[in-house]
Amino acid sequence: MERSNWISLLIALTVIAIWEFSCWWFSVPDFILPAPSEILKTTVLKTSLLLPHAGVTALEIIMGIFLSLLVSVPLATVMFTCPSIERALSPFLVASQAVPVFALAPLLVIWLGYGLASKVLMAAIIIFFPITVSLLEGYKNCEREYMVFFDLMGAGFWKKLRLLYWPWALPYFFSGLKVGVTVATIGAVIGEWVGAQRGLGYLMIQANARLQVSLVFAAILWLSVMGLAMWVFVGFLEKRVIYWK
Amino acid sequence: MLSVSGLTKRFEGLTVMEGFDLTVPRGGFTTLIGPSGCGKSTLFDVLTGVFPRDDGRMSWLGEAVPDLMSRAAYMQQKDLLLPWLSLIDNAMLPAKIAGADENDSQEKASALFSRLGLHDFENYIPRKVSGGMRQRCALVRTLMFEHELVLLDEPLSSLDAITRRSLQALLLLLQSEFNKTILMITHDIEEALLLSDELLVLTPIPMRVRERFVLEMPKLGRNSNPELLKIKEHVLEELEGDLNGTI
Amino acid sequence: MKNSFKVFVSIILASFFLLTAFPVCAAQRITVMLDWFPNIDHLPIYVAQQEGFFGDEGLDVTILTPSSTTDAMKLAASGNVDIAVSYEPQVIIGASAGLNIRVVGRLVEHPLSVLLFLKGKGIKKPADLEGKTIGYTVPGMMDVLMEAFARINGIKSYVPINVGFSIVQSLVSGKVDAIMGPYKNYETVELEERGYKPGYFELSEWGIPDYDELVFISGERTAKERAEVLRGFTRAIDRAISRARKDPRKALEAYFSAVAEAPREMESKAFEITLPIYAHSQMCDTGKWQKFADFALRHGLIEKKVDVTTILGK
C-alpha cells in the first residue's frame, strides 16, 4: 500500500478511536450518538433488514440516472447543434440547479405518490444539470484545428457530431457522470424522507423515530458504500470507454 | 493545373496580400518559402476557403472553383490524428467521410501502410507510436483523399532532423508514384530545394513573390549539386535581410 | 471504440422501455395510512390483518407509514389514501379549515396525549412553563392545543418548536423543556426504560375536554364512493379489538410478527396501558364530539363553528 493510503487509514482509525472513547467516557446515550462499535454491530447484524431497503434505494438511483441520461444527452446535443436554443434554455438549466431540491420533494410525492416514481424523478432532477453541462462543455471544447480539418475532408455537421464532437466530449461527459452518480444518492434519499414505504432514507426516518440511531448510522454507512461503489464503477467504465487517455 | 489570380486578403486594416498570383502545373511540385509572419499560412486558409477572401479567382484544371475546400488533400505540421482511432482508422477517415467502400479503403490503406513501413503498427493508437510514425500515418491519410491536388503546410517542421530526412523521401513519392499536384509551404530551404520543381520566395506583408526559381535538375543527387548550394545561400541572405529589416 | 455513440443510444432506449414497464400510479387496493410509525396503538389493525379479518371482509389492506406527522390527514383528504389514522382534535381543526373529511371508525376512545417533561428541572405545575421552550409533534394540531392549554392555565409566553417524530431526543438533549403531544403509554415508558424520570400533565386534568385519541378518517369522496368497503374495514377492526381483549397474549404475538422492528419489552408494557381504552364501538359519540368542537371554538382553536354531525356522517 502506498504511503498516502497508510496515512488515510491512520486518520480514519484515530477518529474512530476518539469517537468510541468519548462515547464511553461521557456515557453518551446511544440514541444521541452511538459508538462506532455499536454501529458496526448493527450494520452486520441487521444486514437482512438493510439489504432489501438498500436494493430499493439503489434501484431508484440507477433508474434516476438512466432517466436523466435519456433527457440530458439529447438536450445537450440539441443545445450544441443550435446555439439559439442554448441561449434560450440556459437560464432554465441554471435554475434547475439553483432550486433547492428538498423543496420540490413534497410536491413530487403529492403528484407521483409514495412509490418509486417520485424518488427516481428526484434523483434524475439532481443530476440533470451536471451531466448536461459537462457534455455541452465537452462538445464545445473541441479544438478548432480538428474542426477545420474535418471541414477540409468534406464532413457535414452530423458526421462531425458522430466522428469528432461525441468522442471528444466523452471524457467531459464521464466527469459529469461521476459527479452525478454520487449526487443522485442525495436525490433518492430526500425523496424517501418525504414520502416512501421502503428504502434506506425511509429506514433512517423510522429508525430515528424509534431511537434506533445506530441503525440510522448503519443506513448511512450502506449509502456511502453504495455511492462509492457506483463512483468506482463509473470510473471503471470510463477507463474502458476512454481507452486512449 | 492550379491557377490563382488577384488574391487579396485584408485583416482589420492590414493588407496581408493584394493581387497575389500563383500557378502550379498539373503533376508539379511547387514550394513557397518566406520569412515568418509573411502570410504563408493565411494563404492556405484563403485558398481552402477557411477565411473568406476579399478578391481573386481560382481554377483547377481549367474549371473555376470558389475555393479548395473538399477539393484538395491537406497535410499540416500537426498530425491531427484522432486519439481514439487506430492509425489505420485515422488514415481511412477521408475516405470514410467521402463515403467510399470500406473494404476497398481498408485494402488501399493497408497497402500504403506497408509501403511506408508502418505495416506492424496499423492497429496502434496514436499515443503509442512516435512522432515520425504519426506523421507517416498522416501522409497515408493524405493519400487516402481522393483528390489530385495536395496542400502541404510545413508538414515536417515538428520532426527532428533525422526523421525529417526519411520522410522527405516519402514526400517525393506523392509526385513520382501517385502523380499528385503539390503545393507546399516550408521554412526549410534545403527541403524546398530537395523536393520542388519550382521555388517561390515570398516577401513580408503585403505578400508577393519576390523571386522564382525553376529547378529542372533530377531529384536524385540534389544534395551535392553546387548550383543549388548557391541558390540556398542567396535565398538565406534575402530572408535574413527581411528579418533585419523588420527589427 | 467503434461507436460508443450507438452503445449509448441503445442503453438509453433500453432504459426507456425499462421505465415504462414500471407502473407509475398506485395499485388498486384499500390503503390505510397510519398517523405515526407503527406502534402498539395500531395493534388492532395488525391483528385484523394477521388473523385474516380483513380477508374475511374481502379486503386487501395495505398499511402505509407516514414520512412526516402531517401526512396522514392530508393524503386522506386529497383521496390519495383511502383511510388515515387521525385524532379528534385534528379532525375538528381540519374540518373548520374547510377540509372535506369524514370519520369512519374509532381506534382509541380516550386521550393519550400529554404535556411531557423531565422531572427535576423545576416543572411542577403548568405555570412553571412560563417562558420555556415547548416542542410539539403534529403541526396544525398539537401547537394549537398547546396555545389553548397555555391560555387556560395562565402561561403568557413560550417558544414553540416543531419536533416531529424526534420526541425523546429533543427532550433529553435539552433542545426543548417540554413537549406537547407524546403519549402517556409510549414515550413515558420509553424514557423510563432508558433511566430517565418523565413527568407529565394529563390534558383532561388541565382543562381540555375528553376526546377520541385515535380515529379512522376518509376523504368525503372516498367515504361516499367506497362506503361498503369502509364498513367492512371497521367491522374487521371491531373484531380485532374484541379478540385483543379476549386473548391479549395472542394479539400481542400477532402484532410483533407483523411489526418486527417494534421493541418488544417496551411495547408490551405500553400495551397494558392501552388495552382498556381501545374503542369499544366503532360509532362516535356525537355529544362528546360536539362538546369538544364547542370548546375548540370558545378557546380559539378554531375560527369557524363546526357541526359534528356532518363529519361523523350522521
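To keep things simple, chains are lettered A, B and C as they appear, and every chain counts its residues starting from 1.
The rule is simple: contacts are C-beta pairs under 8 Å (C-beta built on N, C-alpha and C of every residue); 3 or more make two chains touch, one makes a residue touch a chain.
Because the structure is a prediction, the values reported are computed rather than measured.
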Can you identify the chain nearest the overall CA centroid, using each chain's own CA centroid? A
Averaging each chain's C-alpha atoms to get its centre, pick out the one most distant from chain B. C
What whole-Å value do you get for the distance between chain A and chain C if each is reduced to the mean of its CA atoms? 35
Using mean CA coordinates as chain centres, what's the chain A-chain B distance in Å? 50
Chain B and chain C have mean C-alpha positions lying a whole-number Å distance apart equal to 84
Among the residues of chain C, which ones contact at least 2 other chains? 1
Pull out every residue in chain A that's touching 2 or more other chains. 167, 243-244
Among all residues of chain B, those touching at least two other chains are 84
Interfacial residue positions of chain C with respect to chain A in the complex: 1, 4-5, 8, 11-12, 15-16, 18-19, 22, 24-26, 36-37, 64-68, 71, 78, 80, 165-166, 168-169, 172-173, 190, 194, 260-261, 263
List the residues on chain A that touch chain B in their complex, please. 145-146, 148-155, 159, 163-164, 167, 242-245
Help me check something: in the complex, which residues belonging to chain A touch chain C? 29, 31-32, 49, 63, 66-67, 69-70, 73, 109-110, 112-117, 120, 162, 166-167, 170, 192-197, 202, 205-212, 241, 243-244
Under the stated contact criterion, what part of chain B meets chain A in this complex? 48, 50, 69-70, 72, 74, 76, 78, 80, 82-84, 93-94, 96-98, 125-127, 145
